[in-house]
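Chain IDs A, B, C and D follow the sequence of writing; residue 1 opens each chain.
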Amino acid sequence: MITLSHYLILSAILFSIGLVGVYRRKNLLLLLFSTEILLNAVNIGFAAISKFYGDLTGQMFAFFIVAVAASEVAVGLGLMIVWYKRRGTLDIDSMQSMHG
Amino acid sequence: MFEAIAFYLFSAVTIAMFTITVMSKNALYAMSALAAGMIMISGFFFLLDADFLGVVQIIVYTGAVMALYAFGMMFFDTTREVKENIRAPKLVFLLSGMTALLLVIAFVAPIVSDHIEALYPMVEGVQNPQAVGVVLFTKYLVPFEVAAVMLLVAMIAGIILAGKKMDESLTLKIDDEFQEKGAQ
Amino acid sequence: MDHILSVLVFFPAIAGLLGFVVSKESIRAYGLSVAAIEFLLSLWLWFSFDGSYPGFQFVEVLPLIPSFGINYYLGVDGISLFIVVLSTFITLVGMIALSVEKDLKNMIISLLFLEMTMVGVFVSLDAIVFYVFWELSLVPMLYIIGAWGGNLRIYAAIKFFLYTFAGSLIMLVGMLVMAYLYHEATGVWSFSITEWHRLILPENYQIWLFIAFFIGLAIKVPMFPFHTWLPYAHGQAPTIGSVILAAVLLKMGTYGLVRLPLPMFPDASVYMIFPVAILSLIMIIYTAMVAYAQEDMKQVIAYSSISHMGVIVLGTFAMNPEGITGSVFFMLSHGIVSGALFMLVGVIYDRRHTKLMSEFGGLAHVMPRYGTIMGIMVMASVGLPLTMSFVGEFLSLAGFYQVSHTMTILAGTSIILGAVYMLSLYKKSFFGEVTKEENKNLKDLDGKESMALWTLVLVTVWLGVYPKPVLEPINTSVESLVSFMHKKAITKEAKEVIKPKVIEREAE
Amino acid sequence: METYLYTALFAPLVGSLFAALFADKPKNLVTGIATSTLLFVSWISSVVLLLHVAHGEEVHVKLMDWIHAGGLVIPFGFIVDQVTATMMFVVTTVSAVVHVYSIGYMDHDKSFNRFFAWLSAFVFSMMVLVMSDNFAGLFIGWEGVGLCSWALIGFWYHKESASWAANEAFIMNRIADLGMLIGIFLIYWNFGSLQYDVVFEQVADKDHGLLMMVTAFLFIGAMGKSAQFPLHTWLADAMEGPTPVSALIHAATMVTAGVYLVIRANPLYSVVPEVSLFVASLGAFVAMFAASMALVNRDLKRIIAYSTLSQLGYMFVAAGVGAYWVALFHLMTHAFFKALLFLGAGNVMHAMDDELDIFKMGGLAKKMQWTMILMTIASVALAGIYPFAGFFSKDKILEAAFATDHYVLWTILWITAGLTAFYSFRLVMLVFFGEERYKIFGYHPHEAYRFMLWAMAPLAVLAVIAGFFEHSFVHMIEHVLPVEEHHISTFTFWTLIIVTQAIALGGIGFAVWKYSKGGFSKKWEETFIYQLLFNQYYIPKIYDEYICKPYGELSRIFWKDLDLKIVDATVDFIATTIYKSGMVSRVVQSGNLSNMLRWMGVGLLILLLAAIFYSPVR
């Protein structure tokens, strides 16, 4: 029987995979992919909780997360294109002007 | 039984796909794997009786987002292998592993106990999209509209950012100053 | 005029906002008239104040956050009334003597905002409102020091801001704990200071809370060893900044002592008399000596302020009507006298752009009228009878004498040491021959300076000779405060130390 | 009578304010005349009051409440009883004379108007001092005279020495004032009031130790104002002021305020013999101590200043042994002849272009006959020769000391009487007789204005005849002060008079004999004793070396080392520590997104740990 814990553990694992990506990726585009993984991992968690507690709120959150993710991609990609046109690279190490 | 099989199957595929996304050196592979993973995730949603969410997942992610990425990648040089200077890879796995472990511990020994009461319980006998629609357009109407506006704003922002006239924009000039400072 | 206090608080602020649209040429007249109206309003407040009633008058209550008992709660009693009048008066006088040329508009607008916060602190009876005005008062002052100050102005301004801000945060914690304890005791949330006064706490709670409040207030006073921001602030601030800082802002600390910890924690106050008195003594003697060593006229007066504030704190902790009345009166007189002294230094600074005493000498030949006023104010600062300061100093020390004989003698050295540094200041800059060529053709006081300064001289002498109109309302409120503290005290020592009026003393 | 009281009190104030209006204007004779006239008015009122109270009445008025706080009620109340009336008479007489005299003396001074403003202000303060009916009022006057004395000593403020002396006087007085203030506090908290009558009524029920404290602290105040050892140095330095000021303030009136205080508080002092004995002993010591310094000094005014000190010592002896009326009597006679002496010295200074060294004078009698006569009268009176005023009062002091069995005090005073006679005539001889040394230094002395001499005349008359009013004075004063009959035999009485007269005449004779022969040899000036006396027992130097300089030094250390380097540095240290920790941790802000993400991961990990192990919900 698949219980809530299964889903949550899956969600945790996917989230960790996303984290690995976020930590090790230097290419901005691929970094953005990793964040998508994070968001999706969380979405699974929400949907699962929504089901096992019989509450639609979880799904609602998942919807908004999807909406946020979509906007993020739109803006993020736009920024990346700008950056790439100017610098010819998407490597994070080249972006250090916020150096404190 | 069917559910268990489906769950494990989807899980395995999703994990594999996402791992490829994260580890692959080729951006095209990574993107394709990501798209596959997304579809598998929509499978989970169907399993979880969240039909509407599953559909949205496929349309938005696999359809819109991945298409966006695909178009975006056309701007970049994606045929080359991505060169990444990864520092302290062990640390990455350590951190992620620890986080995963802790999350799993947290979930296996549920801290959030059974006291949760459903705010908007699912109504028996009503189809999921219908129920979602009712809640979305009553309780979450304002956030929903805000999300809509946000998407609109994001869309316009994306158009402007990726638009043609960016060479003359203000950001460029400021950026040159940054470069000079960075050089110093 | 039921809302006279609100009008007093917000009129300058609204006028300040409108000031942005006033043209540059007429801004001085505009500022003057706003300050004058505000002063007249405060005079009206004074005249319609019932001096024989000890409690709060002109009370206004308006709920702000009812669920936490935070109200917009204003009121004045004899203790705060005159400090309010002092604030508006000093602002007006300072505005008259204002000699800033650069960004005059911004200066006047900041002054008006400052006036709002000053009046606000003294009339608010809700801890949160009090705290808000208390913190807001830092902002215009920060701006005044930072924008019109001397070479080290940024350092001085930031030091001033951070130091006092850190102190008041500790006080804020005290306030929150106090509110929590009030809630625990009564089940109701309240930030009303008058409600807090009624809450009787066990002694150990009192002591901790007292310390929290005391640190916040002590930095503002400033008590030794938290005093070092003051010389910098004074040294760098423009004249008007120093005047208001010394005359009114420092009084917030001592006023706070009378208003908050004393009636709230009578037992802790008695318990802490000794350490506080030791700090005050160090402050009196030590800073008086430091003042003597200074080379800069303004620094002498800055340190002398600290020394005098020590006497005020000592008088506050006398725990009898004589001492507390004296210390409240001394706040007023110190406000007027030190304000005048800073203004006087400003006069010479405007002419010579230096404040070093070694640059002067023989000024009495060149600027006789200036010398006369300076002489009067120096003597007032020294505490000569028939000036305002004497009344305050005499009563403060007399009050504290009941607490400790030896410590009063030590504190009394302030009258000697005060004479030492003030007279040597006067001697170095005004007596002797005119040695420097630049000093030979200095202009004497001009019209606006004379007007501002003579007003201050008149007030100093008038209230020195006939302090009754001011002393009586103060005394009425202080007497009820002290007998209230006496009734509220729970420990035996506190009951013994807090001595209400003689008649009540004998009745027991 | 109230009208007279207020007239006597406020006439000088009006004069002062009037003169102050012209303070920064050039000389205007009107100020001098107006203030003098007003003082004359005040004098008339005082005389009327004196005659009124002579038969045992009192005038007591209350102008208004001054301070009212808690249980402390201080009114502006004024009382004129016999003591006050005597003091008022002395003060107004001397000051009226001095005002008129000053019109001539300050003739050429550019700050003529300012001088009169301060002088009249001084008289007002002095009147407040003597007329108040409570200790706080007394303190107002007390500080007021101190202020005026400061302004008048430093009148010629362009001189460094003058402004220095002014500050010294003020600060020394302040030290004593602290004692007085403490005395006042003690009185308030134990007697519940500061009114004389209320306080004196309760003396009987109070603890002896308390009364000792009260009297001791009040006496500290008196010591400062009356320049008793160790606070005496300011008086000699105060001679930097214009001479009329020295005559009025530093001889006749202000310095006697201390004596007045002791006399006024006699109900307190008479019940504490310990303190009274101390007062008397200190008085006797100062009498001798000051006289010894006067012996060798070369400065005209300083000699007279030391003689003032010495005579104040006499007064304190009288007050200390319980003969309060004698002290007051001596205060009065002394005021007359000492003021006269100073004004005479003023004439000399004027004639000699402000030269003060008596060894540069000599033989002035020819040029300044009248001044010589007046000063000789004053000196004889000072020496205490019958029938001059000094005889009566000084003899009474010696008698009182002897009769109360204070033989040591008597001996000291007796010797001092000889010294007094000697130095007074040393002065007269060196200034007015002998070789005309001033010619060597090129001075052209001339007699003072006629009206100045006329102005001095009343004082001269009083210096001669005041003594004869002894009985009427006793008759009047016994209403308020204890007048004890001393039980000494007629034989002892006459012996004492003869012995005293003998030593005084001996002193005069020695001085006249020695200085008509040309004075002491140079060798004497090299002896240790001479040097010791000439340097005023090195006390000013000691004060300078061991009090002023260390104070200055300590102040500097407090400022530079303690305040800036420790207290402020601690604060700054806290600030810089926070700042530096920021500098250290800014490495985190490398601007590298990847690094920042990793830090975020660390934070997430920590939060998770906290959530699991420290979860509030279990």
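The working rule: a contact is a pair of C-beta atoms (placed from the backbone, for glycine too) under 8 Å apart; a residue touches a chain by one contact, two chains touch by 3 or more.
Small disclaimer: the values here were computed from a predicted structure and weren't measured.
Colleague: Enter the minimum step count from chain B to chain C; a value of 1 means the two chains touch.
Modeller: Tracing touching chains, the least step count from chain B to chain C comes to 2.
Colleague: Of the pairs A-B and B-D, which shows more C-beta pairs in contact?
Modeller: Pair with the higher count of C-beta contacts: A-B.
Colleague: Using CA atom averages as chain centres, what separation in Å is found between chain A and chain B?
Modeller: 4
Colleague: At what distance in angstrom does the C-alpha mean of chain D lie from that of chain B?
Modeller: 94
Colleague: Provide the C-alpha centroid distance between chain C and chain D, rounded to the nearest whole angstrom.
Modeller: Roughly 36 Å, centre to centre.
Colleague: Averaged over CA atoms, how far is the centre of chain A from the centre of chain C? Could you give it in whole Å?
Modeller: 58
Colleague: Two or more other chains in contact with one residue: find those residues in chain B.
Modeller: Residue numbers touching two or more other chains: 91-92, 95-96, 99, 103.
Colleague: Please set out, as single numbers or ranges, the residues of chain D touching at least two other chains.
Modeller: 594, 598, 601
Colleague: Using the touch rule from the top of the page, what residues of chain A touch 2 or more other chains?
Modeller: 19, 23, 25-26, 93, 96-97, 99
Colleague: If every chain is a node and every touching pair an edge, decide which shape results: line, ring, star, complete or other.
Modeller: Chain contacts: none of line, ring, star or complete; other.
Colleague: Applying the document's contact rule, which stretches of chain D touch chain B when the two form their complex?
Modeller: For chain D paired with chain B, touching residues are 594, 598, 601-602, 604-605, 608-609, 611-612, 615, 617-618.
Colleague: Can you list the chain B residues touching chain D in their complex?
Modeller: 87, 91-92, 95-96, 98-99, 102-103, 105-106, 111-113
Colleague: Can you list the chain A residues touching chain B in their complex?
Modeller: 1-2, 5-10, 12-21, 23-27, 29-30, 32-34, 36-37, 40, 43-44, 47-48, 50-51, 53-57, 59-60, 62-64, 66-75, 77-82, 84-86, 90-91, 93, 96-97, 99
Colleague: Spell out the part of chain B that touches chain A in their complex, as residue ranges.
Modeller: Contact set of chain B toward chain A: 3-4, 7, 11, 14-15, 18-19, 21-22, 27, 30-31, 34, 37-38, 41, 44-45, 48-50, 52-53, 56-57, 60-61, 64-65, 68-69, 72-73, 75-76, 82, 84-86, 89, 91-93, 95-97, 99-100, 103-104, 107-108, 110, 116, 118-122, 131-132, 135-136, 139-140, 143, 147, 150-151, 153-155, 157-162, 166, 171-172, 175, 178-179, 181-182.
Colleague: Provide the residue numbers of chain D that touch chain A in the complex, in ascending order.
Modeller: Against chain A, the touching part of chain D is residues 586, 588-594, 597-598, 601.
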